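See below for the structure under consideration.
Labels run A, B, C and D following the written order; every chain starts at residue 1.
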Amino acid sequence: MSKGTVVLAYSGGLDTSCILVWLKEQGYDVIAYLANIGQDEDFDAARKKAESLGAKKVFVEDLRAEFVEEFIWPSVQANAIYEDRYLLGTSIARPCIARRQVLIARQEGAQYVAHGATGKGNDQIRFELTCYALYPSILAPWRIPEFYNRFKGRKDLMDYAQKHGIPVPATPKAPWSMDANLMHIRWVLGHVPPLWQTRLGMDSDSCAAVLQNHPPSDIFCMTKNPEDSPSAPDVLEIEFSKGVPVKVTHLKEGTSKTTPLQIFTYLNEIGGRHGVGRIDIVENRFIGMKCRGIYETPGGTILYHAHLDMEIFTMDREVRRIKQGLGINFSELVYNGFWYSPECEFVRHCIAKSQENVEGKVQVSVLKGHVYILGRESPKSPYNEELVSMDVQGDYNPCDASGFIKINAVRLKEYNRLQNYSFRS
Amino acid sequence: MSKGTVVLAYSGGLDTSCILVWLKEQGYDVIAYLANIGQDEDFDAARKKAESLGAKKVFVEDLRAEFVEEFIWPSVQANAIYEDRYLLGTSIARPCIARRQVLIARQEGAQYVAHGATGKGNDQIRFELTCYALYPSILAPWRIPEFYNRFKGRKDLMDYAQKHGIPVPATPKAPWSMDANLMHIRWVLGHVPPLWQTRLGMDSDSCAAVLQNHPPSDIFCMTKNPEDSPSAPDVLEIEFSKGVPVKVTHLKEGTSKTTPLQIFTYLNEIGGRHGVGRIDIVENRFIGMKCRGIYETPGGTILYHAHLDMEIFTMDREVRRIKQGLGINFSELVYNGFWYSPECEFVRHCIAKSQENVEGKVQVSVLKGHVYILGRESPKSPYNEELVSMDVQGDYNPCDASGFIKINAVRLKEYNRLQNYSFRS
Amino acid sequence: MSKGTVVLAYSGGLDTSCILVWLKEQGYDVIAYLANIGQDEDFDAARKKAESLGAKKVFVEDLRAEFVEEFIWPSVQANAIYEDRYLLGTSIARPCIARRQVLIARQEGAQYVAHGATGKGNDQIRFELTCYALYPSILAPWRIPEFYNRFKGRKDLMDYAQKHGIPVPATPKAPWSMDANLMHIRWVLGHVPPLWQTRLGMDSDSCAAVLQNHPPSDIFCMTKNPEDSPSAPDVLEIEFSKGVPVKVTHLKEGTSKTTPLQIFTYLNEIGGRHGVGRIDIVENRFIGMKCRGIYETPGGTILYHAHLDMEIFTMDREVRRIKQGLGINFSELVYNGFWYSPECEFVRHCIAKSQENVEGKVQVSVLKGHVYILGRESPKSPYNEELVSMDVQGDYNPCDASGFIKINAVRLKEYNRLQNYSFRS
Amino acid sequence: MSKGTVVLAYSGGLDTSCILVWLKEQGYDVIAYLANIGQDEDFDAARKKAESLGAKKVFVEDLRAEFVEEFIWPSVQANAIYEDRYLLGTSIARPCIARRQVLIARQEGAQYVAHGATGKGNDQIRFELTCYALYPSILAPWRIPEFYNRFKGRKDLMDYAQKHGIPVPATPKAPWSMDANLMHIRWVLGHVPPLWQTRLGMDSDSCAAVLQNHPPSDIFCMTKNPEDSPSAPDVLEIEFSKGVPVKVTHLKEGTSKTTPLQIFTYLNEIGGRHGVGRIDIVENRFIGMKCRGIYETPGGTILYHAHLDMEIFTMDREVRRIKQGLGINFSELVYNGFWYSPECEFVRHCIAKSQENVEGKVQVSVLKGHVYILGRESPKSPYNEELVSMDVQGDYNPCDASGFIKINAVRLKEYNRLQNYSFRS
């Protein structure tokens, strides 16, 4: 008798294939669910593979448009960036994937959802906090002792696969594990110490943490090596309305894109061609560890800079100071898996409100891994040429600045009087 | 009879030369003070010019070392950045210059300090808030009606100069006004509408603010045009201690720099060669206007990225969250002119405390306008290879993550119970 | 010929009566505008006085209902409190008064608005920043040299009044100046050193600031002296919807109030009877000075506590953390006069959003100057008796807490490993 | 053979007595550790009881002085308050108790520390996060299934006690469970539904959460019922240095206290006599639940108000704004158990720095449950009588305020120009 039905987030790879078979072995009926969020994958082959491994049903769902509109766009509005560098490409994909998975579980009357995320990462959290919205029970094999004690390393998975007729990848797995979607590709230092690594890990003498190995240049998929990229820039005009791009035009070629998915895909193409958005960072996981990741986020990086420019151009200074803090909140919440939480809903609402006048066009030049803002225009910017001009006084009396400065100094003078002040650094 | 002695912040240029003569005309004795903070200037010629214009005394002061050590270094520790883009090169120079000016005024028994900053800008504020620490009276001619009504445009200054034997620049003034120091060069949209400008200012039909004109590429002094920069990177290793660079090594050439001034100058050289640090932004002045600036900050940009990497690598996640907020405070305070204020002193103290363990080496590659972090190592990083490894369990039980997630979900589940939750974006 | 028409915010007191006459002397036509925001005033007498002094027109406007609904209620939602103590009773009255004044100026085609606020206070700022929304020119006599040099002290005003037939108050003015409205009465240390003052001001020996004099108990108008208040409490039930009170019931007497103005007036009555809301504080003005104020805010104090209780009872913890920050923003903005600013509009919008589920009833007991929360109930609280119970496990596994704690400790253990940790305070 | 030695945090009550015996049953050697942090307890009797139950050793440690100096004082400096109401009396006691327990465990070579905190509360977290600093293993019986499945309710504990010769409390346990120390007594809604409860829990019809039952007045130990307290106030002068009290004087009686423990004990006595510091709140636990607590914190409440007054009187406005944020950080960290964490150490350091000039005397009147600030003086306050005076112009020109206001309005006017502004609430 079945222990119940599980909807498994299935990637088509070795890990989730083994999990699919293992779950069946444990007595579950398995529905395989494969989300297309823009990764480079043969979805038909993956479907057949899942079926051949005994999946009761297979759902291949194209979530690309909703991923762009409902997850990337709010992140663009927020200028979302974790720890000043990471654009959250994986973080925002998880709630998008898990949301559909839960809907399938409900629709199919499944008792469980399952995923292949490991027990040390952020993704398990992002996945599960999303699921707890709808109360299905969760199976996380990498946290089930029967599973993780059986599969202690990659070799155990390979052996299991061979034994159960699971197709095994021809090439030995890269030393970096990878996550890909429309927004980015992420590489995390993986299972096998790489050959091209010269120094790694804990130096036993000094106890120093050393992360000086460089990833092989052929692991990058979305971006060309900047050194090999074209030596002439592409210049784009990106038009925003309510803080999200509504049109991208290649100024020289005159081509335009206007649907969210087309816009984002095109920005990926241009950014990728010029090697934009590669970073090598150490980040702090929610789970309390520091880990290293290599990211390539071509389109997202262009949008980050373009939106930032349009936002500061159109938004009142003090509104933006408050919104900047909300954007930091948003980034931390999303990184930590709280997309579906009361506080993240609240923050998204507030950020969306702040974007009402973020409207206009930004010109960007993309070249050799870098994004240059060339100029901007907006029907809703409080920028006032006459006011700021050094030649025109406008509705501005320079004497007012004296009063402004003196009143700002009142407090400082009292402080100095008390301190018997002499300069300190 | 003299109205008293004025110490004038003198640049050698047209404006402050006219101010010098005008102040003498008004009955003041003028001491000219010229700070060397790394700008490209013939200081001897400037000294002679000031003397020839009637300065009672001339002080040319080399502040470069203290500018780096006491102003740039704390900004590096703070990861100081205003509105997510501007590295504060002018903002931190003002208190450095004004501090010395006040010391000279004290030493010389002067009754006034004066400056040539205009009445619409930030610099007047930065300058004067620093001065109010020591109570000298301030003369700001650009806010004195007798002065600004006499000199309504550049032509009035030229006429005055010719009449009073003030050498007049041969070339007509560029349409962009400029501020230069060791850290950066800033260009602000200037007096004369430029010929190369195609669209500018307020479009009368749409009332849109349009800032799409591009600066001529020959205005840049510190940085090569990225398109024309070398096609092979320079790779540097930057060593930090307590959050400031103590050594920079060119890995291929093997050369090293170890004093603050040498380090920063060398980073400018490398960054400049590769066109690093050019930005075109609109920013919000303290005075409440939006204005456009073009910046080039080669060395500062390299350091910003390198320090950020070392900081996140070595600092506890939660300490950094708090420090990030303090860094935003610091940036706003410094931009607005409050370097010498109780709150900025407090913030600098706190930030310095946070940097105690920011120690180690970062490798950066500089190419075509972009800075790439290649790797890092530190004797003080909590990074733990074993803990984060996917192959080694270490002192970590995956089951703990289940509890962690479930407890984090307690609140979410209660919320969903109440909301009769269905997914919302 | 008239210099134009001025709409003067007229209080009926000595200062604004003199200003009215002085403005006429200067050649302006004066429209007197007297806002009823709940202060204890004979408005008919004030109208006649203004007319007799030569006002071209007199507007007496009852703003009490809009003051409660549009200014007090949003402050209640925000839990607005400046520097942890001041409930902003004057700060929120200024934009309410100035808004109507500007509307009258528009309607009457007046060229100016004027007010009698002094040049060292906050109220001039609050008043004028509100007015700048609609561009009328502002006359602030206390900042016009011709005025303030003529009226250097109270005696000059008295002399002027006698000379111009302005009725002079029979009693010598109290040493504390006062501002009253529906929400509070504020006393600020005033013109004449009080007789009952034992120690005041700068002690010349120690340079210490001494503010140990106590206000005479007979200056309080809204609140009874707590020592003399009833020895039995009044117990109220306050019902909230969307974060504002919609009904107040006296539990013993069974009486209820349901309109905003009635509710607030009734809370003032109950709070006043029991001496609630008296504080003696030093606060930091926007202008950079510290000043001392004595406040009595009976109803506002009751509502502050009751709303805080209901908010924490019904709002998600993390939403409230963010909302708490927004409430601090709101309080500072309003104190500093920025009620009508893009950022304060934005913050009010966000705070209102956070209040959607702040619904339920709070029981409060009021006695001898103190407000006690007795209990609360809500149809929208995530409070879950079963979950929190020590006797029922509910949907909660204690073992999860182990994982939660261990994961939270991961980061701490790494830190301790590095620090070779021993306890520090 | 022994499973090892456990140092058990022993209270002398039923729960930890049962745990002591149960741990021995399980094969552990038990060292009982009883911290005296000011609770009302017969420590000799508790020592004998522990010995009689088989404790290998018993440590009774008087931590009162260090509790005041190292835990209460930093909280006073921080103006620590959780969710605007709770003064953290239990939160700060846990790291103090656990720190000594770990030191004993080290000194005695124990393998484990254990505590009797339940699996749904905050205290388990506070306790254990402190312990993880020194890596001992932790036993938390209320999270061990063998234990919590055996002891499902109070009756099971009673039965076990009777069977094992553990003295059983004569009176049936109160429906509220209690935690007491020098700073406060906390009551949490307990095991047995109280008789005096009229409405409780989830109303089945409305699904409303109802917390309207009132605690019996005889449960309070530290504070008199305000209704029954003296009708004449006690007036104290509290002297601060570096933000902590160094002397308390009863102004009428002339008596003074000068050591930290004496000062705090005396403030408890005075506050208790007048019924100060009773609150009934719902708070948000770290674990994600809302729970209700009744607190009495007499001395801490007096100090909270007195310190706040002295801090605002002496500290620069902008320093305090930043410090206010750090105080909120501190409060959340301490509530959540992170006293011993890098971020809390950092925050404590910064807050201590902010307190350098918090020096002077505050007069407070305590009456009928309320604390009134009467006045204050300080040798280090920037308060300037002359500057703020309405009669003296001082070093202040009212005209400066015009410039200040106009410059602050620049931004608002631009905004209004764009919005075609009409007033909105």
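Descriptive notes on the structure:
Just so it is clear, a contact is a pair of C-beta atoms (placed from the backbone, for glycine too) under 8 Å apart; a residue touches a chain by one contact, two chains touch by 3 or more.
Since this is a predicted model, take the numbers as computed values, not measurements.
If you take subunit C and subunit D together, the chains in touch with both are A, B. When every chain is reduced to the mean of its CA atoms, the largest separation from subunit A belongs to C.
Computed centre separation for the pair subunit A/subunit C is 44 angstrom, with centres defined by C-alpha atoms.
For the pair subunit A and subunit D, the distance between mean C-alpha positions equals 40 Å. Rounded to whole angstrom units, the spacing between the C-alpha centres of subunit A and subunit B is 30. Counting only residues that touch two or more partner chains, subunit D has 287-289, 316-318, 321, 338, 341-342, 381-382, 384, 387, 396, 399, 401-402, 404, 407-415.
Of all residues in subunit C, those touching subunit D in their complex are 70, 74, 79, 83-85, 99, 103, 118-120, 124-125, 128-129, 132-135, 140, 142-143, 145, 148, 152-154, 177, 189-191, 199-203, 206-214, 226-227, 231-233, 278-284, 287-292, 308-309, 312-313, 317, 320-321, 324, 328, 332, 337-338, 340-342, 345, 348, 360, 363, 367-370, 372-379, 381-388, 390-391, 396, 398-399, 401-402, 404-405, 408-409, 411-413, 415-416, 421, 423-425. Per the touch definition, subunit C reaches subunit A in the complex via residues 287-289, 316, 318-319, 321-323, 325-326, 329, 338, 341-343, 346-347, 349-350, 353-354, 407-412, 414. Here subunit C touches subunit B in the complex through residues 316-318, 357, 380-382, 384, 387, 395-397, 399-404, 406-408, 410-411, 413-415, 417-418, going by the rule given at the top.
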